[in-house]
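By letter and in written order, the chains are A, B, C, D, E and F; residue numbering begins at 1 in each of them.
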Amino acid sequence: MPQPKHLTGLKLRTPSRAKLDADMQKYFRLCEEKLGFVPNVLGAYSFDQAKLRAFIAMYNDLMLADSGLSKLEREMLAVVVSSANRCYYCLTAHGAAVRQLSGDPELGEMLVMNWRTVRLPRRQRALLEFAHKLTVAPAEVGETDRDALRQAGWSERDIWDAASVVGFFNFTNRVATGVDMMPNTEYHGQAR
Amino acid sequence: MPQPKHLTGLKLRTPSRAKLDADMQKYFRLCEEKLGFVPNVLGAYSFDQAKLRAFIAMYNDLMLADSGLSKLEREMLAVVVSSANRCYYCLTAHGAAVRQLSGDPELGEMLVMNWRTVRLPRRQRALLEFAHKLTVAPAEVGETDRDALRQAGWSERDIWDAASVVGFFNFTNRVATGVDMMPNTEYHGQAR
Amino acid sequence: MPQPKHLTGLKLRTPSRAKLDADMQKYFRLCEEKLGFVPNVLGAYSFDQAKLRAFIAMYNDLMLADSGLSKLEREMLAVVVSSANRCYYCLTAHGAAVRQLSGDPELGEMLVMNWRTVRLPRRQRALLEFAHKLTVAPAEVGETDRDALRQAGWSERDIWDAASVVGFFNFTNRVATGVDMMPNTEYHGQAR
Amino acid sequence: MPQPKHLTGLKLRTPSRAKLDADMQKYFRLCEEKLGFVPNVLGAYSFDQAKLRAFIAMYNDLMLADSGLSKLEREMLAVVVSSANRCYYCLTAHGAAVRQLSGDPELGEMLVMNWRTVRLPRRQRALLEFAHKLTVAPAEVGETDRDALRQAGWSERDIWDAASVVGFFNFTNRVATGVDMMPNTEYHGQAR
Amino acid sequence: MPQPKHLTGLKLRTPSRAKLDADMQKYFRLCEEKLGFVPNVLGAYSFDQAKLRAFIAMYNDLMLADSGLSKLEREMLAVVVSSANRCYYCLTAHGAAVRQLSGDPELGEMLVMNWRTVRLPRRQRALLEFAHKLTVAPAEVGETDRDALRQAGWSERDIWDAASVVGFFNFTNRVATGVDMMPNTEYHGQAR
Amino acid sequence: MPQPKHLTGLKLRTPSRAKLDADMQKYFRLCEEKLGFVPNVLGAYSFDQAKLRAFIAMYNDLMLADSGLSKLEREMLAVVVSSANRCYYCLTAHGAAVRQLSGDPELGEMLVMNWRTVRLPRRQRALLEFAHKLTVAPAEVGETDRDALRQAGWSERDIWDAASVVGFFNFTNRVATGVDMMPNTEYHGQAR
């Protein structure tokens, strides 16, 4: 049962890296230095550099820019959303990120398998509950849910950021599953 | 029962338009010329221009750039996704867009209420079926679903675009519902 | 994409109006005077006047007879139920009725798209919550739900009427969808 | 654990039978002759004779008038719908009716517990599949489902009747559950 | 519509009883003395006596050994679980057991049809709520649910026993449905 | 965020190992030799040796006895069932078993996250589809599902074994989640 190693299940021609614009070549080298490889999502998007740039810009703003949510907390949201949607690509990549940023392999596994089993401070638990509900029952989210975040200590701006990160992984989950995107195999052994 | 007129339910300070950077001021004026008003989503995002720019860049790439999916077809996807998620903002704004682009008010209503009632050529019906399933059951989407699109005449690239547009409105639906974003009232009477 | 204009998707012979009994002819003329047209549901039912009469009798008792629920409130229930069931016919007809009776087009749209977005007095919100739950999870409705209505100010008789109206549109939604009944196109532009 | 014997959970004053109009007194006596008792649903409705009459008229038209569906088939639909909605009143009353009309106690039990376990001719199985889907997922019913009935031998008129009976028990299930209506205890031991 | 009388829908050769080991022959005779027949589940399992013995051992430990849950309470759990899963075999066999142990035929029917209709002391209601949730949404069960049992008077050990009985019928329901096991017809008329 | 290390969330006194009967002491030593530790499920069950023995007997019969399903296939069923139910204990323990028996860490991860992403021979895919459906929608399983297994090459006896293994993990998932059982931490790093 050898498993697939393709970027995606679509027959889209992606250019050799040497054909990318200079800024994108530089960005890919940066990924290799930092992560050891270029994430397949970027390789897949490189068939159209306008889309690639729009994706990177939004990703970096949501996951790396200043926010009341720490980087780990944003990665935890990524995994909770991806677990509800059962997205193999995002669970693999962001599960590894949680293990690395937290130094706690069990935390990553618990979030992948069932986030409710994790013992968390009230502030973070409220965040994960919001993420789960906004993912599986967006039509039912309302002021009560925002108030629960406020009471757990999150600011108005934090709620915006939380809704945006949750929304974003509901986007990437559907792109990845919709085009059968496969994660880099390097993720699996990381930070176990 | 006067209904809310706020941009969002969050207490976020948004700058007066005169305080925005020149390119964003220009973009807002362009919206007013083309639509008669600045969509509330842009007003809401203006509290942070980096986020505003990332959102506009992705929106314009997905909805306006060249694609095998027509602009109307992409708006139809927006409505089918938003109907499944029952997003009041997106249904209002993109329902109006479908009515205008198609010149067919009933089409817009049917997509808002139940897309299955619409009579469509097989090619478009396959697109809406894909959009619905990728929205409500992403974990179950697979090669069979992509093959259904292929057999209905869509290319590999079209499948990427379809998955991306479907993903994107699963993002905006959750941001809009998550922060209680209200649509401009002008949409309601348009193209009836 | 010209949309269907048939009464229903069934090949049932309906008599010319001149062949109907005198009381039914009179009732149809009354509809034309009041609404400007005969609702398609009555045209469809006219293939069997016993069924037509039973339907009209029950409809008029539930929607027009004295009740602690105002006519607008009963129309609001009709839309909330029909939205949960995504019935194109009933959403079109009763969405128009809500717009007309309330003089508030946005209220009609919100109820069609997602009733939870509407700002309502507690009394009416409780009514819509009961309607939604009794529609989507009837097996789970119990004394707690009736008590919520009582605490919001509704009487024992009002609860009977609410359950009956909710039940009735769960009936008409299934008849309309089951036989592919199409609403009169006149509804779409009304009270926008 | 003595179980409730009330007509409904609502405190509604119902008149003594002697206070009912003559035609209704006669109808109740007819019930007693035929069934041995007056079904509680009629007792409950008697607080308002206009509602009682509208209910009886519709019930008798749907369940007793001429139709391509036999009386047993209509009772089978009643049980399949009521099982999906888990309506205690209707399962008790119509489960007994199926046992009596069919002379097959196991058939009644199977329909109450899980209709899919019953071995049926294709014609009847198609009918139950339609009933189940129209009950639990009305938004998804369409021409394919009607065609399945046609191919199983049902006429256009039969489809109308099936949708109507299915719709009607989706009505009564919600009235009965919504007001906590209790079935006559006599049903339990019948035709075992 | 003669209904099936087979042990299961699988073509598995089961030995004549005379070929079973002495202890199993004795156990079957014991069943006949106590119940009047050998339950079909045992007949079905007899194709492999190792499996038969493991099943009997676990069944007897869970349902008959000492526990803070009475035998009736355990049978009530069996019916609530089997109702959620709509298992015809288990509902038939354990519905009869509830009728017999409680001397209350209506209680058995209510649990089969909709356990929420039963009037119960708080202690038992909490037990049934736990059983239902652990059956239909195991991923969502947590400390809050265990605390609800504790507050209703159940001990730590009782919670173990409740979870085990609920788990066990989630096992038998799937074996019975998975292999199309049919209950002995004798159950239907018992204790009506 | 130190995660819990308890056997279960219940305050149940478990005996020191020296107090167990000789055969159970021997079985625990065997586990240590083979796995390096005693699985927490056995430690948890040791509060009552009758239950412990019944569990071990059934477990060993289902997972280790002769069967047309290989040990790896049975472990794959365990993970597919536990993923649907999101059981942290069983996913951890049996995910490790799949990684070890298959020598394919990605296979284990895919089954935990979304079994549909795995490329499998038709015979095994049919098995996993049966397991998933029998877990999430047991009421809908019927002859069509058994025929799909037969056509994929499975025997009558294999179907029994598949239904039993699927059923068994629907049991253990609910016991583990119901009592908050935590897996041994050793599993996490195994066979990565």
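Please note the rule applied: contacts are C-beta pairs under 8 Å (C-beta built on N, C-alpha and C of every residue); 3 or more make two chains touch, one makes a residue touch a chain.
Worth saying up front: this structure is predicted, and the values here are computed from it rather than measured.
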Labels of chains that are neighbours to subunit B and to subunit C: A, D
Equivalent interface positions on subunit A and subunit F, same or different at half: same
B-D or A-B, whichever has more C-beta pairs in contact: A-B
Rotation angle (°) superposing Cα atoms of subunit A on subunit D, nearest 5: 180
Length of the line joining the C-alpha centres of subunit C and subunit D, rounded to whole Å: 22
Centre-of-Cα separation between subunit F and subunit C, whole angstrom: 51
Averaged-CA centre spacing for the pair subunit F and subunit D, given as whole angstrom: 44
Where subunit D touches two or more other chains at once, by residue number: 86-87, 114, 117, 139, 142
Category of the chain touch graph - line, ring, star, complete, other: other
Complete list of chain pairs which touch one another: A-B, A-C, A-E, A-F, B-C, B-D, B-F, C-D, C-E, D-E, D-F, E-F
List of subunit E residues in touch with subunit A within their complex: 139-140, 142
Residues of subunit D defined as touching subunit C within the complex: 9-12, 47, 50-51, 53-55, 57-58, 61, 65, 85-87, 130, 134-135, 138-139, 141-143, 146, 156-157, 159-160, 162-164, 166-168, 170-175, 177-180
In the complex with subunit A, residue positions of subunit F that touch it: 1-4, 83, 86-88, 91-92, 102, 104-107, 109-110, 112-114, 117-121, 124, 185, 188-189, 192
Residue ranges of subunit A touching subunit E (in the complex, touch as defined): 114, 116-117
